[in-house]
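The two complexes that follow have chain A in common; it is paired with chain B in the first and with chain C in the second.
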Partner chain A sequence: MTESAIAAPSMSRERVGFSAHRVSVIAVNTLTEAVRQKVFILFLLIGLVFIALAVFFAQFTFGEQMKFIKDTCLGVISVITTLIAIVGTAQLLPSEVENRTIYTILAKPVRRFEFLLGKFCGSLLLLLLSMAAMCILFAAVLWIKEQGMIRELSQSYVGESPAAHVEAQKQIEQIQTEVLDVELVKALVADLAKATLIASVTLLVSTFSTSLVFNVVVPFMVYVVGMLRGTAAEMWGAHRLFMAVLAVFPDFGLFSIADEINLGKVVPWGHIGQIVTYGVARTLVIVVAAHLVFSRREI
Partner chain B sequence: MKLLVVIVLFGIGFALLPLENALRTERLQMKYGGAHVTFQLREAIGQNLAIALLAGMRGIVADFLWIQGHGFWEKREWLRQYRNIEVAVTLQPQSIMFWDLGQWHMAWNIGYGAFSDPKNRTKAEAIKREREWHEKARQFILRGIENIPNRYELYFTMGWLYFEKLSKDCDDPPCSEAFCKSADYLAMATSYPDAPQFVPRLYARALEKCGDLKAAYEEWKRLWRLDHSTTEQAWSIIEREIRRLEDYLQIPNQQRVFPQPTP
Partner chain C sequence: MDAIRTEQLTKKYDLGWRKGKLLALEKLNLRVREGEVYGLLGPNGSGKSTTLKLVLDLVVPTEGSAWIFDVPCSKVVSRLHVGFLPENPYFYRYLTGAETLEFYGKLCGMRGATLKKRIEELLDLVGLTRARHRRLAGYSKGMLQRIGLAQALIHDPKLLLLDEPTAGVDPIGSKDIRDLILRLKGMGKTVLLSSHLLAQVQDICDRIGVLNRGQMILEGDVQTLISDQRRLSITVQDLPEAARARVEEAVRATGASIVSVGHPQTTLEALFLEALRKDQRREGEHD
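Coming up: the complex of A and B.
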């Protein structure tokens, strides 16, 4: 982070109140730095390549093609955003400490909480940006596939009877319905909530650890444990002590609704709302915990 | 301070337990999710796919296994294909496509593969093996219907299986009981408003093959009475079948849908 990026108010540290502007400046700078990182570009490129390759599911029937394309794209978006959330957030604080820019920033009238929140918001902007890029390509892939299928279908019905044309028109409408599936948005919202949560876990870890490897591995393990929490609750739900220990881990399995949406199920917005509420509540508390650790940390 | 952080994290964990449990119950009620990663599943899908499953990529793993199974089909490796089909539906039991195509592979492709296997010593063995696969397909769709009881597709699939395959699996085909079973399932499929137009037509045919010509005639008549301006149907086929059955059943002229012209 550049020193000039943070405006230095003239008042003393004790009198400095919370400033959303300072948080936004730190967030924008964090985003600018993050998008320049090779690891982000690499992950994003991998995600985009995978999504673009999904268009080549051509050897199957219409229903299968759409299912496979959507499964692949949503799966890739979920994994890449999770990876970006972990790797992108893991190096935010260590890099500031290593480059010693943190001293310059905190010497200014910038609260530690603002600094931390700014970093976290920057990380969220990064997630939004990467997700938007992947979603745009996903939409393009669906559109290309849709056009190809309609063209193929129209050609196969050339010279057929009017009744056959009615049938063709029905199939075209079905393809268009499959492509313009607004339910997909719900899956993306849940994915974003999950990525935000894992980013907050990473932020918390990075407030007490200086090792980048540790900052990446621990959140990943938390993620795996979180994915297995549903299974554990089903199998060992009666063991209260065990479940009490597990309660500290977020249940990441609750965010997995992409499969259901892809299978044609209608997931109520109420359910999405509950998932997002759960994710936001967990995220807020973890950010507060990160603040508690970071505010006492000796830098 | 460390203690405070731990208390905060555990505290929110406990505070959110009711919401977590409510979400889990809702998922269970709405039949979200598939099989969990168990030792048996990990053995069946391999370590790499198990890791992918742990990362939440159930759909991709199921699709991968399906595509791999497609490859096994092309290489006529039936048992491997069958294993992949089973794992795919275990991972995504809500996928109609996996149940539908899975039974088709079993009853049509694997069944025929077993029948025409040169290793069969006698024709009786070939027939026995083919019938075993038909039965496997039947059991398979039954499981599918248990998982997806509120859609027409698998009832139709089961009706079609009885109509096309199980109707030949008796000592003196065609076996009318199979057609009656087929009619039962097709009746279920027909009751869904989104069932395509060919479903009730097949239902009427199954009734006829079951031996209940009167019921078949009634079903054709029911179809004919639907609003022609708003319902898409193959009206010429329905008319042809009604005329044929009216002649065959010797329906009195005044009761016919298509009365014969008086000479």
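Coming up: the complex of A and C.
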């Protein structure tokens, strides 16, 4: 044992306010922890397998094939990101308390809000990472399908009249337009906003509950109620108390624009902006609520 | 200035609906002076860990207040100068020893070459240099305790809070930790430790406090508390038998009584360590 380790120069003492650096350190550590968990890998693998399988779908017309692939892949991405948002966030705080790792962290000059925010940001990084992986595979599937369709189309028009070739070229351009569809990006942006919001709901629940099952089931129920909010409002909109209670639940139905896109509708960017603003605003309110609960919690 | 000061510090835990409250700590007035090693003793459930948690603001006091270097414990700034080793520490099992220290160092605002140098020094200090790239999942209990000590020291704190620092550690590791605490004291650090090992506490602590059922039942300077002022012991070496008889006679002549005469005993710990040292020497000779 060396004496110098004990006599090391003191660290800078002036930083006592909010530190984005500390938040990022906790976020990266949270991401590392999540990536090494089998449940996360399992969800991601399931998602990747379903997306990859879409490439083998080869029935109906070219247009119908594309529609089916987009529909399936967007659906799979939506389900998997929702699952990762809930399950990945649900165990963040309980595992820290149960394993007592939280003691050594909060015994350092770390604010509870920094800890909470770091954990949440780590969860969002996980969402981004898993979504990026699925999107890359989705793009690869679309590209493979596009190349296959073009090849098939080109072969079927060999020896045909020039007019037929013009028609074939038109179809190829249509396929390329279908693949490079900006509407898909809009659907994915809305999906990410939705997953962020459900992750914040899960974070809030986990600040007062230590049960993993509770932390998974409650956000899932909130999600289901949120998805049905629009329908419920149409049916029982006249009841003020009911509507007041319903207003507490985020409107998750707002984020479901994949169906419209698949029907060929163009969703304006302005609408996407509104959805994202709604999601971010709701998320901020919920994170602040989570902070208020966690700052008073005894560990 | 006191390193730690508590006034009427009380903690009642809520046991849940219709189950009442558990009094874990009652009106504790504790003063740990700067530069001393203070031992907090007591049976399980006596309030030792609760005291440490209150000082670290991990739980909120029901009544009373606590300060670290005159800064209220409720403020984050109070923990700038504190290193904490919890009882049976758990760390992230997927991190290596070096990564663990890097993580805690970064939390303390350290980075770059300063942090790397500090990590090297601390790994050397706690004897884990060779295990630096091994994940903590593969560490023994003693190794976890040592990496725990290293993380507590990462930012060179002035005050160390050690909850059962030698729990589950073998005698050699335990002695290393004891020696380290004494060296930290020599560097001017303040140490508050809770322990069940009374012999160890006696060796390293300047003052002790005994907690029982949340109350401080005994406190004071270790040497004063354990010395029996009515008795006197003189240890001599190579005293001839005839001289011994004359000494005993001289003592009786003063009217004092001899309580015991015998050979002083070594401790089991010293015997154990000596045997291991001899064995290692023998192994070295064979090699």
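Keep this in mind: the second predicted complex is superposed on the first by the 284 of 299 C-alpha atoms of A that agree within 3 Å, B and C clash if a C-alpha of one lies under 4 Å from a C-alpha of the other, contacts with A are read in each partner's own complex, and residues count from 1 in each chain.
Here is the rule we go by: a contact is a pair of C-beta atoms (placed from the backbone, for glycine too) under 8 Å apart; a residue touches a chain by one contact, two chains touch by 3 or more.
Source: prediction; values computed, not measured.
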item	value
Partner chain(s) touched by A:Arg36 [first = chain B, second = chain C, both, neither]	second
Which of chain B and chain C A:Val285 touches, first, second, both or neither	first
Chain touching more of chain A, residue-wise (chain B, chain C)	B
Which of chain B and chain C A:Lys108 touches, first, second, both or neither	second
Touching partner for A:Arg22 - first (chain B), second (chain C), both, neither	second
Touching partner for A:Pro94 - first (chain B), second (chain C), both, neither	neither
Partner chain(s) touched by A:Gly148 [first = chain B, second = chain C, both, neither]	neither
Doubly contacted residues of chain A, that is, touched by chain B and again by chain C	296
Chain A - residues contacting chain C, complex	1-13, 15-16, 19, 21-22, 25-26, 29, 32-33, 36, 99-101, 103-111, 296, 298-299
Chain B residues touching chain A - in the complex, by the definition given at the top	1-2, 4-5, 8-10, 12-14, 16-17, 19-24, 26-27, 30, 32-34, 36-37, 54-60, 62-63, 66-67, 70, 92, 94-97, 101, 232
Complex contacts: residues of chain C adjacent to chain A	53, 56-60, 76-77, 79-80, 82-84, 86, 88-92, 94-95, 103-104, 106-110, 118, 121-122, 124-127, 148, 151-153, 155-156, 161, 176, 179-180, 183-184, 187, 189
Interface residues, chain A side, partner chain B - complex	59-60, 63-64, 67-68, 71-72, 74-75, 78-79, 82, 166, 223-224, 227-228, 230-231, 233-234, 244, 247-249, 251-260, 262-265, 267, 271, 274-275, 277-278, 281-282, 285-286, 288-289, 292-293, 296
